[in-house]
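Naming follows writing order (A, B, C, D, E, F, G, H, I and J), and every chain is counted from residue 1.
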Amino acid sequence: MNRNDVTEMIVAARIQKGIKWADVAKKVGLSKEWVTAGCLGQMTFDKKQATTVGKIFGLPAEAVALLQVVPYKGSLPTAVPTDPLIYRFYELISVYGTTFKELIHEEFGDGIMSAIDFKMDMKREPNAAGDRVNIVMSGKFLPYKTY
Amino acid sequence: MNRNDVTEMIVAARIQKGIKWADVAKKVGLSKEWVTAGCLGQMTFDKKQATTVGKIFGLPAEAVALLQVVPYKGSLPTAVPTDPLIYRFYELISVYGTTFKELIHEEFGDGIMSAIDFKMDMKREPNAAGDRVNIVMSGKFLPYKTY
Amino acid sequence: MNRNDVTEMIVAARIQKGIKWADVAKKVGLSKEWVTAGCLGQMTFDKKQATTVGKIFGLPAEAVALLQVVPYKGSLPTAVPTDPLIYRFYELISVYGTTFKELIHEEFGDGIMSAIDFKMDMKREPNAAGDRVNIVMSGKFLPYKTY
Amino acid sequence: MNRNDVTEMIVAARIQKGIKWADVAKKVGLSKEWVTAGCLGQMTFDKKQATTVGKIFGLPAEAVALLQVVPYKGSLPTAVPTDPLIYRFYELISVYGTTFKELIHEEFGDGIMSAIDFKMDMKREPNAAGDRVNIVMSGKFLPYKTY
Amino acid sequence: MNRNDVTEMIVAARIQKGIKWADVAKKVGLSKEWVTAGCLGQMTFDKKQATTVGKIFGLPAEAVALLQVVPYKGSLPTAVPTDPLIYRFYELISVYGTTFKELIHEEFGDGIMSAIDFKMDMKREPNAAGDRVNIVMSGKFLPYKTY
Amino acid sequence: MNRNDVTEMIVAARIQKGIKWADVAKKVGLSKEWVTAGCLGQMTFDKKQATTVGKIFGLPAEAVALLQVVPYKGSLPTAVPTDPLIYRFYELISVYGTTFKELIHEEFGDGIMSAIDFKMDMKREPNAAGDRVNIVMSGKFLPYKTY
Amino acid sequence: MNRNDVTEMIVAARIQKGIKWADVAKKVGLSKEWVTAGCLGQMTFDKKQATTVGKIFGLPAEAVALLQVVPYKGSLPTAVPTDPLIYRFYELISVYGTTFKELIHEEFGDGIMSAIDFKMDMKREPNAAGDRVNIVMSGKFLPYKTY
Amino acid sequence: MNRNDVTEMIVAARIQKGIKWADVAKKVGLSKEWVTAGCLGQMTFDKKQATTVGKIFGLPAEAVALLQVVPYKGSLPTAVPTDPLIYRFYELISVYGTTFKELIHEEFGDGIMSAIDFKMDMKREPNAAGDRVNIVMSGKFLPYKTY
Amino acid sequence: MNRNDVTEMIVAARIQKGIKWADVAKKVGLSKEWVTAGCLGQMTFDKKQATTVGKIFGLPAEAVALLQVVPYKGSLPTAVPTDPLIYRFYELISVYGTTFKELIHEEFGDGIMSAIDFKMDMKREPNAAGDRVNIVMSGKFLPYKTY
Amino acid sequence: MNRNDVTEMIVAARIQKGIKWADVAKKVGLSKEWVTAGCLGQMTFDKKQATTVGKIFGLPAEAVALLQVVPYKGSLPTAVPTDPLIYRFYELISVYGTTFKELIHEEFGDGIMSAIDFKMDMKREPNAAGDRVNIVMSGKFLPYKTY
């Protein structure tokens, strides 16, 4: 059994039991974004969190142990994603990538937005012309330093 | 002369003249995100906008005409970006892509977040532990329909 | 069991039982294009539709549940398809891609044809010189908006 | 000078002179789809057509000669297109490719839709919920024969 | 069971039973080129042909059914083949590709040689300096038409 | 100046002067297949041949010298060709590659068909249902030897 | 069972039984280079050789039959090898490839060194500064011929 | 001017002046293999060698200076070479790569053959059945060490 | 069973038993860097080391034998790594690669840092602004030699 | 003029004038590692640093301005580097990548070593068996945080 197997067990159990990610997050006591990423094999749970997740999805002890080990990250099967929902995010980088770069450098100088010290919030934004997906990302700016 | 040449002329003029994207945006009367993307060859200006941009950067008439034509979009030289700032966004999709998918489908059902009817706002988020980059994305949800 | 397994079960049952896609579509009550895409793992059925599909192909309850979950889309094993029938569509994009772009922009301005709010109809077009495949595609035009 | 240079000359002249593809097609006396593809370097004009195109865009004699030579076809810079409009067509193949295959084989047996003996028509489809792009494709069915 | 499994069953049975492709072709009543391609999962047999093939290789009923379904074609594991025999054909295209193109266009005008309405014959060509492989290909010329 | 430049000079001169490959071949005194490949930068001419080619196309002395140097071979810009005529040959390998392999090995044992000690002949094959492209390939069989 | 499975059986048996390739070669009566390549699935054994190999590694009859069938060649999992020992050979081609080409053409004219009518010998070359790997390659020169 | 330009100057001058690599090597006083690699931009000459090379090919002072700078190595335009002569070496690695690995490890243990402390000699091997290319490679064995 | 299976057994046992790599290294008597690489399938253990590793993780005899065979090296599933921790090292090469090259050549002349006669030490570097990862690499310089 | 042009100007001037990177670094007052990376187009100089660099290499004002703008980073022409010196670093990641990951996670938990808040020092390590390249890397550890 490896972490990938644990992800598949969680995904299957979720469908069978009709569990919602938002409810899992509430029981774990953290944001739905982070908890879902963890359940999908991208984050590391501590012992208590892993036990909670294990109970929710009915996982065996070995799976609960694996949830506490740092996984090899990367959740997509190809460099350019084929799924339309995920591709749209890739397209945003393709089209707006240099814009992100120019504006962040204009505001902060040389450096990056951290993808580690990072958090994010996804919510529904009601709108008469059709509801909108609203995503707020917040990552620490890390400047390149001279030495 | 093609649109790529126009982008290079704008980038060069901006450095020589010390112009800020935020100021260009103010003169054009739109957000700095959209205007910068347009100056970098990803969006189409109307006549008045193009004329303003042409004046700011001292572009010839042919370049101003090209700003009004829909460009072949895509701003990055490789499928996996090599620039560290832009790579971090690619990494976010790689790590969080399936999370985006699960949470948006849980909230909205089958469909996507539009990358066309889309807007975004980037700002500095002051923070004692180091300022943060804050990005808000808002895209219309487009459901798959049966037929 | 995952969605891929369900697709393989459907494909196998269809051959064994000699079922036609057009008949499946009629029983589901939707177009043959959308229903076939769903059976091949690209669309999400609602409960009633999934139950019908399950009965037609003799699927177990777990498979019927999976038909109601949004799948990771993308039906081809390689970026450039090797199957001659499917390759011809890829070739059309390779040869006519920039033509699509020019004509749609000339008619509509900057934006795209939606691949989500989209429908399509494939039928036989009798012709003395050899029958023809006739495909009508209809997708909502989504304009880029300034902001 | 090669065919690519001719395409760039046409594209530049079209912007400078504000010419519409539909008008070029009318003067050439063929569909706007085929004529645009030819102007973008994908089709071969005969002498009379090439002369007309040359006059419209003000091309030198060498360019007019090149328009009459079969070009190396393929209009896109990458295997997976980066331009959002063109990508949507690629996505349709990615998502619907096996559906095309199943339905065409169900209707016609083993074979392909020709991309050579092929024609297409793109038009605006007015719609209260937002106008739609309507594309009709018609290609001869070519059966695999035993021998 | 899928078509790939059927191919593996045929390949294994052929070795175990010491069957020759030429003999299979004779029993099926068609060329050895087409029949071998069919046995290797690239062509579709009709009922009678499939039954004959099934008897020769001792295939179960499910496999015989699968032989009558149009397969997803493409017989090689990589875009550039690694097997030396097959690579030589790829090299011929790499070296002679533009020559094929020039000569066929000089003779026929713009269009292609069909790979569907196509037949081929491979035979030994005795030669004092070492026997030669002789391959005759014959494909219908398909002209691009204006419309 | 390099060999590529010479190829472009030949291609341009051929169009300007309306020269046919078959006539070039006649003057050089070899097959049209080999001579065209040479003119397109894939073969090495001897002094007399190069001089003839130089006269026909009006090449400068430096170009005539370059025609006598072994070129870096490979005439296509991408691993999978985008031009429809050339792609059809690639498709034949993709679909029939393992068939070539089986039949040649059945006839000759382990080894390859040479792509060096190789010749080919392309001609028009008149046919009431549409003329056909007829290509005869003949390559020496080279057996793998044990040692 | 396929040839790959046979290779894995040989590799496993060799480790378990502590067999040396040089000894296998001696029993087969051929060079260690060719015999090892055959055991690793790249060459075709005749009946007697296959029987010997089968006895040495304790292979079942089906595996012995498979050793006598021409395999799909190519022993590496990626186009650019990741194993440091094998990569060094790839690096030699990357750095010295054009040198090989120039020197062989200077000596022999246009043509290639055969990789089929080819043999090779690997031995230890004692050296005070550290022993060296000594590899002698010998392949027939095959000239391109005009026709 | 960069090193690539120097390589092109050498290649052009060599053709124009009819110089042989073997003669260049004699004048430089080293092997033809190393000197050719250096002239093709893969090795670094010292001052005296560079001056000699500069005289032979009539290079300007700036080019002679560049010959003394370590170049970015790698002489081929694609990961899988398209030139038939160079491809054959790549094929040898593809087919014999794992054989090299097994035999060198059997003889020397874990480690590699150096591609840096390496030399090679290419010569003609007369043979009644057709002359052969004979290449002797000698590279220091470098063992992995534990620490 | 192959070396990959052994790696998976070790990884699983380590999690189940809560073993630390540093402790494994201490029992084997070598650095934690080399021992971990060996346990992850990149290095070759001698008999005594393999026995120790086997005891620690409870491996069967066959696995212990496999630990003593040179593995096919390369520990990552893609050419560009997706895991953020490992990607950062790839990014360092992408950004600093030419800097490494310039500085090593300035100090040592033409040649490389060995990745075989190489050792490395990773430790925690306490720091008030956040602890740092400290890695010391030491590889023998190997000069290119003329011959 | 773009940053790439500036890099080429610096590289050319350095060779012509025989300047050492270590001396440039001394005049700029920072480490040779950072300054070389900056001169090669990977870092951003402030006004004073840029002026110093401009004087050393004799750069025009426009180039000095460009040195103060954040560049698009990434210094290598291919995803897998072909230069042997740089490849060795890539090989270290390929072989030791999962080892880095295991040991850093064992010491620090889930997170990464920063490639931004990072410094490095390269020096010669004298050694009787051949001098060694010694590289010390120090990057801040950045932990993934829950939220």
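To be clear about the criterion, a contact is a pair of C-beta atoms (placed from the backbone, for glycine too) under 8 Å apart; a residue touches a chain by one contact, two chains touch by 3 or more.
Every value quoted in this text rests on a predicted model; they were computed, and no experiment measured them.
Undergrad: Which chains are in contact with both chain E and chain F?
TA: Per touch definition, common to chain E and chain F: C, D, G, H.
Undergrad: To test your reading of the model: what rotation angle superimposes chain C on chain I by C-alpha positions, in degrees to the nearest 5?
TA: That pair's rotation angle lands at 145 degrees.
Undergrad: With centres defined as the mean of C-alpha atoms, identify the chain lying farthest from chain C.
TA: Chain H.
Undergrad: Which pair wins on C-beta contacts, A-B or B-J?
TA: Most C-beta pairs in contact, of the two: A-B.
Undergrad: With chain centres defined as C-alpha means, what is the inter-centre distance between chain A and chain J in Å?
TA: Averaging C-alpha atoms per chain gives centres 31 Å apart.
Undergrad: In whole angstrom, how far does the Cα centroid of chain C sit from the Cα centroid of chain H?
TA: 53
Undergrad: So the centre of each chain is just the mean of its C-alpha atoms; given that, what is the distance between chain G and chain I in Å?
TA: 29
Undergrad: Which residue numbers or ranges of chain D touch two or more of the other chains?
TA: 33, 72-74, 76, 79-80, 82-84, 91, 94-95, 98, 101, 105, 111-112, 114-116, 142
Undergrad: If we use the touch criterion from the header, which chain pairs count as touching?
TA: A-B, A-C, A-D, A-I, A-J, B-C, B-D, B-I, B-J, C-D, C-E, C-F, D-E, D-F, E-F, E-G, E-H, F-G, F-H, G-H, G-I, G-J, H-I, H-J, I-J
Undergrad: Show which residues of chain A lie in contact with chain D when the two form their complex.
TA: Chain A reaches chain D through residues 80, 82, 84, 87, 91, 94-95.
Undergrad: Could you list, by residue number, the parts of chain D that touch chain C in their complex?
TA: For this pair, the touching residues of chain D are 20-22, 32-33, 36-37, 40, 42, 73-76, 79-81, 83-86, 88-108, 111-115, 118, 120, 122-125, 127, 129-142.
Undergrad: Of all residues in chain D, which touch chain F in the complex?
TA: Those residues of chain D that touch chain F are 1-2, 62, 65-66, 69, 72-74, 76, 79, 115-116.
Undergrad: Along chain D, where are the residues that touch chain E in the complex?
TA: 30-31, 33-34, 43-44, 70, 72, 98, 101, 105, 109-112, 114, 116-117, 119, 142-147
Undergrad: Show me the residue ranges of chain E that touch chain G in the complex, using the header's touch definition.
TA: On the chain E side, the touching residues are 8, 11-12, 15-16, 77-78, 80, 82-84.
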